[in-house]
Every structure is written in C-alpha cells, then in structure tokens.
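Structures incoming, each one as structure tokens.
Each of the next two complexes has chain A plus one more chain, namely chain B in the first and chain C in the second.
The block that comes next holds the complex of A and B.
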C-alpha cells in the first residue's frame, strides 16, 4: 500500500511541469496569432472608446515581455479566469463550462459503451481464434481503426438523417419542444449518431488490442496453473486472463481518450455537437483568440487529467509499475 | 501395488495452420499408488502435453482425440466438465516448469494461495483459508510466511516462486501430483533444495508423484519407475534401476550416454540429431533416423510394445538381438 501512495504522489507532482509546459506553449502560439486588442477593435469596427482601450491594455498587460504576460495569464488561469470572449463579451470560463460537459458526456458515454461491448467481443474472438466469426470481427475492427471519425460521421448523417430520416443530424437537443414532448428522449435521439460513430472507432481500438493481448496471455502458464487448481473457466478468463490483458491497454485507452478529445473538432463539427470541439471551430472562424486559447487550455488539462487517471488505474492494477 | 493412474493409447493433437501436430500419439502410462514415476524424454517429446491431457486442460488448438485415462477407477475422459473441474486441484494437481510465468504477476502470493484453497470449496472461510495458506508456506519451507503472503511474485526469487507454486498445487492435498520439470529453470544449488523438498512433501502428504524431466540424473535421484517417451510415443518403460543398468531401447542408451558423470571423466555425448517434426513424423519406428542400429524393417514397420520381463516394456524391433550398454 505504501508503494501505491508513493506512486500516486509521484504521478501528481509530475503533472505540474507538464501543465506549465502545455499552457506556456498554447499561450505563446495564441499570442503569435494576434494581439487581442486589435481583434477587439476589429469587432467594434473602430468605435472602441479610449478609456476602454486603456483598460484593455492594462488587462492584457500589453507591452510586457511575453513570459511576464504568461505568468499573469497563468495566475488568472488558476483563478479560473480565462479572459473575455470577443464574440459574446462574456467570461470565457463561464461560456466553456457547459461545452466541457457536452463534450465529456459524448466522449465518456462512447468510451463506456465501447468497453462494455468490446471486452466480451475481444474475449470471444481470442478464444475462437481463426474461426469465421473471429476473422469477421477482426476485419470490422481494422476498418474502424483506420477510419477518421468525421468521415464516418458524414456517412452516418447521410444514411440515417437524410436518407432514412430517423435520427436528428445535428445538435445535442432540439430547439423547439419535440413532437413526442420528452426532452430526455430527445437528448438520447441526438446522442445516438455521434456516439455510435465514436463508439465504433474506440471499439475497434479496444477489440484489436485486447484480442492480441489475450491471445498472448492465454498461452501463459499462470492461466493453465489457475485451470489446474480447479477454478471455473469464467473465473480464470475474467480474473486472470482479462486483467493481465487489459492492464497494458489502460494506457492506450487513456491516450486514445486524449486523442479523441483532441480530435473532437472534426467529429463535433460534423454533427454540430455543441461541445468544446465544435465551439473551438466557431471561435477560430470568428478569430475569438481568448476563447480559442481557453478551449485549448481546457482540452490540454483534460488530456492531462485523463493521463493521470490512466497512470493511477495502471498503478493500481499492476504492482510492477509502482516501483521505480 | 494397484494402478492409481492408467493412461492407454492417449492421442492429443494440435490443429495448427501449419498442420496437425501429433504431440501425443499413442502414449500409455501406469502410475501406481504411492510411487514416484519418471516421465523422461527430450524437450518436445510430448511430456507436458501428456500431463495437461490427464488434467484435461490442453490449450487450444489442442484436442484429445483418442485413448483412455482412468484415475482411481474413474474414466476421466467421459467425465462432465463440471465433475472434471472438481478433480483438478483436489485429486490431481500440477506444478509447472517455469516459476516466473506460473504465478499471476498481478496478484499477491496470498491471494493466489487462497484462490486455490477455496476453488470449488466455498465452505472454507477467508480467515480459515488465510491460516491454511500461511501453513502451506511453512510446509514448503518459506521463511517469514506472513510477510511473503502479502508480496507479489516480482518481489520473490525464482526458487521461492517455485516453492509457492508447489504450495499452491498442494493446497487441497491432492492424491497425484504432476511436477513438470520443476527445477529446470532454477540455479543448480536451488535445484537440489527443491528436489529434496519435493521428496519430503511426497512422503508427508502421502502423494503419488509423476516427475517430468529431460534429465536422467534427476530420474535416478528421484524415481522408482520410469517411462521414456520419444516423439509422442513410449519407447521404453521399466523400474528405474533396470532401465539404467539394462536398457533395451537404443534411445534409452543414447539418453544415458548424455548424462554428465562426476566419477568418469568422459566427454559428454548428446543424443545426435533432432527430434522429428510431429506434423509429418518418420515412418516405422520414429527413432530410426537417429538410431545407430536401424535396419530396413525399422523404416517400414511400427514396432510393437513388447514385454521384456515383468514390468519392463520396450518398442523396438531389435531389442532381443542388441546388447545395449547401460550405466556401468
């Protein structure tokens, strides 16, 4: 237990320099894109009053060296102050809140569903290696693995929304009360298409990797030894084989969640899903630099947290990684 | 003495993409109650697969395709899987060759022992199982059993892991123990300790032992009877003493020549050539391509398994005319 706590502390401390690196990089890129005041001025079409202008100069610490300005930005950041959105003139932090939730709710439900379906399929496939069903499963998985989400999204929208007209093609919820009058059903109907696309792609990753690891693990003597001690086959498969096969994949699932968050602009834009990715595209088109910066920082932080969670789960599952 | 385990004409094949690997192709084995029976042969000759077949845990794509296995009067091959599971661990147990991979790296020693103790046996409470696990650890002469109980396999030495694997096999005091090359992957000094431990445990737990090895030295040290297998078939079977002094199969003679001897400063000879491909094995006697005494009939006809004398059997066309050299 002591080693587990030690490991957690090490992982958390390790996040600090990574966090600083990521936010500094984002901040410098964002600044290279343009001076926020000029952009605000553009938005006001030259009618920006002088006193507001001076306030903005002080607010953004214009004229200071970029590193000093980064420190101010960081200071604000840890107080959840991400500046003002240029398009809505509201604090970026309060705008982003609901978007984070909308993105997470899509991403996490897809991941959970992919694990729920993927684990039994991978087990079945590994235990029936080279059978017809195994070959079919592997083929479908390879297809999903090599397909970009936004492309699959467009195909799905074409089939289910335009051709079959059974599911909504965009947004997370209807603008007006749907004819069946039930908002929960309405949300689910909107979730189905983007979630299916995302689940399919993650499912493909999970099945491909888990099947491969299971085939390796099932050859190990500890599996035979567990069978030889009289355990039920189910107990051996779920207690020993699955746990050993999935542990190294935890890292990859964590990374793929990160990649999936980073790839959210493509998928969310295809479905006009009002999450971080979609809003990122909107803000970038409107040259709303504080919002773009804010979203980038939040996505980076989410990726960091996903990685930390991954490391912790891994450390919890595998005693060998705790020692270092 | 009566037979505890009787294997007759066992056939276990692996249906691989490259072809059907006839890993065990007609092995017969009589193990008597209370004895230490050696199963010897070069690596790849089907010893492990024989043990796995008796326990009915042959991994895919392997399958038992023929033969009969009776244990203590029960026909194991016709048992339902649920009933067979109750035999595993409680009547027949097995220790594997590689202690590094035979313990699950993700669970503590204690968890794995308790799991074995409570398999099909939920009437034992967790606390009782814990006490039993600790006493098993003392049985296999592990110091500080309380501390080891909470350790993970990667924190232990190879010798200690093998002792723990042995403890797990003994968890429900089986009648028959298969020890599959239990010391092959250990240092020489540790090997001797583990073999001595196995001798003591066999006596204390009143077990019958089938010791699998490719090392004739260990056979001499540990067993009273022995079955020699070559390429998935039995070539000779006898009391250990008889086999060493009066071998009747050329393969046995070759194995004996390959034993390093401390008392003779003779060059160590290995058995010349390689074990044959088991997908497409040689015709006739499978040993004929490597046999210095092979004649035409050996290539053409499979030899019968004949009785040389009481308790001594051989599968060789020429056993009557050859006078082979055993240990002198």
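The block that comes next holds the complex of A and C.
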C-alpha cells in the first residue's frame, strides 16, 4: 500500500513542472506580437473600441515586465479568471463550461460505445486469426483510422440529412421545433450522426490495438499452461489474456482522451457541434486570443488530470508499474 | 549464374557482409508474404508516380477558374470534367492531381523533419542520464499533454497574420514537422534504454569498442526499425492533419490541396456533393496505403514475430 501512495505522490509532483510549462507556453503564444493586445488589434484591423482597449490594457497589465505579467496570468488562472472574450464580450471562463460539457458527452458516449462493441470484436478477431471474418474486421478497422472523421461526417450528413432527411445536420439541439416531438429525443437525434462517426473511428483504434496485444499475449507460455491445466478457453481469455492485453489499452485511452478533449475540431465543425474544438476553431479564425488561450489551458489541465487518473488506474491494475 | 559462383568462391570476409544483407532480405521476404502490406506499398508507389508525373498531364493549372468563363461552374462529373467542377469553375480532377503532389510533399517532408528532430532528441534523451535526460523527457511529455492539433491551427493562423503569408504549403510542412517529433523521440529513447543494457553491447564495451562504433553498429540498426514503421504511419497522420487544417480554413490561400478542395466542397455539399467526395476518396486511399505499409513493415521487422 505504501508503494501505491508513494507512486501517487510522485505522479502528482510531476504535474507541477508540466503545468508551469503549459501555462508558460500559452502565455508566450499570447505574447507572440509583444503583448496580447497587438494580436487582438490585428483581428479588428484598427477598429478596436477605445473602452475595450483600455479594459484590455488594465487586464493584461501592459507596461509591467513580462515575468510580472506571467505571474498575474497564473494568479488569474488559479482564480479561474480567463479574461473577456473579444467576440462575445463575456467572461471566457463562463463560456467554456457548456462547451466542455458538449464535447465531453459526445466524446464519452462514443468512447463507451466503442469499448462496448470493440472489446468482444477484438477478442473474436484474435481468436480466429487469419479467418475470413478476422480479415474483414481488420479491413474495416484500418479504413476507420485512414478516414478523415469530418469527411465521413459530411458523407453521413449528405445521406441522412440532405437525402433521406431523417436526422438533423447540425448543432447539438434544435432552435425552434424539436425533432421527434420532445427535447430529450431532440438531443439524441442530434447526437446520433456525430456519435456514430466518432464511435467508428475509436472502434478502429481499439480493435487494432487490442487485437495486436491479444495475439502477442496468447502466444505466452502462461496461456499455454492455463490451457493445459484444463481451464475452459473462455476462462483463459477473459481471466488471463484479456487482463494482460488490456492494460496498454488503458494508457492509450487515457492519452486519446486528452486528444479527444480537444474535440475532433474537424468533426465538430462539420456538425456545427458547439464543443471545445469547434469554438476554438472559430476563436482562432477571429483571433479572439483570450478564448483561444483559455481553451488551450483548460484542455491541457484536463489532459493532465486525465493522464494522472490513467496512471493511477494503471498502477492499480499492474503492480509492476508502482515499483519502477 | 556467374554471380553465384563468384559469391561461393569469395573470401570469408564477404560472407560476413552478405549475412548483414540477408537480415533485410529476410524482412523483405516476410513483407512480401503480407498481402495488405504489399497492397499498401503499391498504393504509395502509385501515388508517388502520380504526384511526380501527373501534373504534366493535368488539364488545367492549379486553382484555375478557366471553366467559369466557359459557363462550366458547378458541373457534375462528365468526360470533360471527370470529377466535376466546383462553384468557381475549378476542375476538381485537375486540382486533385496538383493536390496529390502537394499532399504527398506535406506528408513526406513534414515527416522527414519530425523524424530528424525525433532522432536527435530521442538519442540525446536516451543517452544522457540525470538532469538533461529528465528535462528532455519532460519536454517530450509536455507535447503529449498540450492539444497539438489546436496549436497547429493556431500557429498557422498567427504566423500568417503576423509574419508572412507567402510560404504556401511549406509553412504547413514546417509546422507539422515541428509538432510531429515527440512520438518518435519517445520511442527512440525507450529503444536506446532497452538496447544499451543488452548483453552484447556490454560485450562490445568489454572488447573495447568506442561509443561511436556502438552507436552506429548496434544502436542505430536496432532503433531504425521502429523509426521506419513510425515514419510511415506519421506520413498518414500528417496528410490527415493537412486535410483538417485546410478544411477548417487555416491553410494558406491559393494552394491546390485535397483539404482545400474538400473545404470548398463542404460549403455546397447539398448541391455539388462531388467536390468533397472525390478528393476525400483520394485522401482515404493514400492514407490507407501508408497505414497498410506501416503495419506491414511493423510485422515484417518485428523480431518477436520472427520464426
């Protein structure tokens, strides 16, 4: 138990330099043109209103030296003050909340679905290596990670929204009349297409990795020993092989969770899905620097936390990790 | 025939050299047996040839709106315009050919930059113990934490607004190269850690071999195989990133790429679906090719699977 606590403390301590690195990095980008206001001005092409300008000067402590400005930035960040969005004039911190939620429920529902479908398929595929169904499964999977997600989304939109007209083409919720007569069903109707595309892509990754890992694990001597001792194949696969094959997958999921928090900006834009990826894209095009930096920092911190959680789960599942 | 007898009568020194060559011959033989890997290689070669010579036969210059003047904008696929035309009269087939050249260039050149940086950083991180090794590992892991794709978008935008717009595709090559190396360096670092503790390296050291000999004779060949595989997969990833980047409107203006065509196609997808469809199919095919090639190489070069 002591080793586990030690392990947790080490992981948490490691987060501190990375957090400083991330904040320093976003701070530097914001100051690429000397200070954030210069960058914001470019977006407005000289038409920045005087009162907004003065507000910005005060907020960014223009005139102080960069180190002091960075410390102010950290101080604000710790107090969850991310500044005012240039385009909407509202606090970035209060705008981001709903975006995080919108991205998360799309990403997590797709991930859950992908795991639910992917694990049994991968097991089946590994048990029947080189069979026709195995070839078909790996073929479908490799298409999944060779296809631009947003492009697949566009194809789906064309088929189901424009041609068949059975599902909505954009947004997370209808503006006036709900689909299928009810607001809960309306949200589900909007979720179906992007979730399907995302599930397919994540399914592809899970099948590919888990199948590969299982194939290697199934060649190990302890599997042979378990089989020879008379255990049923099912018991060997679920009790011994899967547990060893799935731990690397957890790392991958943890890492990809980070990537998926950034949303698939392409997919979210294709569906006008108001999540972090879509809003970041809009803000970056408009050079709305406070929003851009706010989203970057929030995602990075969430990834740090997700990675920590992954490490802990991993350390819990695999005792060897704790020691090294 | 004569070659064979020559080899048979060659002095023992040559036998040694021949053995090191057969390692690759073994890998090639294993690779050839893998149908999907060979298919990937064939796709990649076909696209490379297409990208080099295709533009010689392209019906129009890149981004040409010539067809607009002939009243041929927004035409569905026909013999004259095999992939149709988009709203400004750009011939989708012709621009797809130019796009093949640009996309392949982006994929390969960015991967080359990323691989070089990844090799250098990874080797340094793998060789140096203590503070420097720790700092380098920190930098690598830092790149795993930040949302890379979003930063690539932001960099492209800020650079074009702030510094210079005229780099064209090479700006994208540079940005993708500068953001693409951490994965490679992480793997290299791990490989060097693994290899340098192996007994035959210790034996070499005991025999008095220098660091450089060990590096080039033993470490580099061992590290090369994962690098080749990763590079092949990275090309695929870079092409996908390019497509997203252009689709979202962060690409340089007036460049013929598949992503740019898809962007234009998406805006009018309900009226002119072919504009987004055909370049997208090309993207899927080429990326599939590189992924299959990478997987095939991984199988062929993986010593654990070797019988």
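Please note the rule applied: the second predicted complex is superposed on the first by the 290 of 324 C-alpha atoms of A that agree within 3 Å, B and C clash if a C-alpha of one lies under 4 Å from a C-alpha of the other, contacts with A are read in each partner's own complex, and residues count from 1 in each chain.
Here is the rule we go by: a contact is a pair of C-beta atoms (placed from the backbone, for glycine too) under 8 Å apart; a residue touches a chain by one contact, two chains touch by 3 or more.
This is a predicted model, so every value here is computed, not measured.
Peer 1: Just chain B (first), just chain C (second), both, or neither: which does A:16 touch?
Peer 2: Neither partner.
Peer 1: Taking the superposition as given, does A:270 touch the first partner, chain B, the second, chain C, both, or neither?
Peer 2: second
Peer 1: Does the superposition put A:227 against chain B (first), chain C (second), both, or neither?
Peer 2: Once the two structures are laid over each other on A, A:227 reaches chain B alone.
Peer 1: Based on the superposed arrangement, let me know which partner A:78 touches: chain B (first), chain C (second), both, or neither?
Peer 2: neither
Peer 1: Return the chain, chain B or chain C, that is in touch with more residues of chain A.
Peer 2: Ranking chain B and chain C by residues of chain A touched puts C first.
Peer 1: A:285 contacts which: chain B (first), chain C (second), both, neither?
Peer 2: A:285 sits against chain C, while chain B stays out of touch.
Peer 1: Per the contact definition, I'd like the list of chain C residues that touch chain A in the complex.
Peer 2: Those residues of chain C that touch chain A are 36, 138-139, 141-142, 144-151, 153-155, 157-158, 161-162, 236, 240, 243-244, 247-250, 262, 266, 269-270, 273, 276-277, 280, 283-284, 287-288, 291-292, 295, 304.
Peer 1: Hey, which residues of chain B end up touching chain A in the complex?
Peer 2: Touch list, chain B to chain A: 17, 52, 55, 57, 59-61, 85-90, 93-94, 96-98, 101-106, 115-116, 119-120, 152, 154, 165, 168-169, 171-172.
Peer 1: Considering only the defined contacts, which chain A positions touch chain C in the complex?
Peer 2: 17-18, 21-22, 25, 29, 32-33, 39, 42, 142-143, 145-148, 150-151, 154-155, 157-158, 162, 216, 255, 258-259, 261-262, 265-266, 269-270, 277, 280-281, 284-285, 287, 292, 295-296, 299-300, 303-304, 307
Peer 1: Which bits of chain A are touching chain B when the two form their complex?
Peer 2: Spelled out, the residues of chain A in touch with chain B are 127, 129-130, 218-232, 239-240, 243-244, 247, 317-320.
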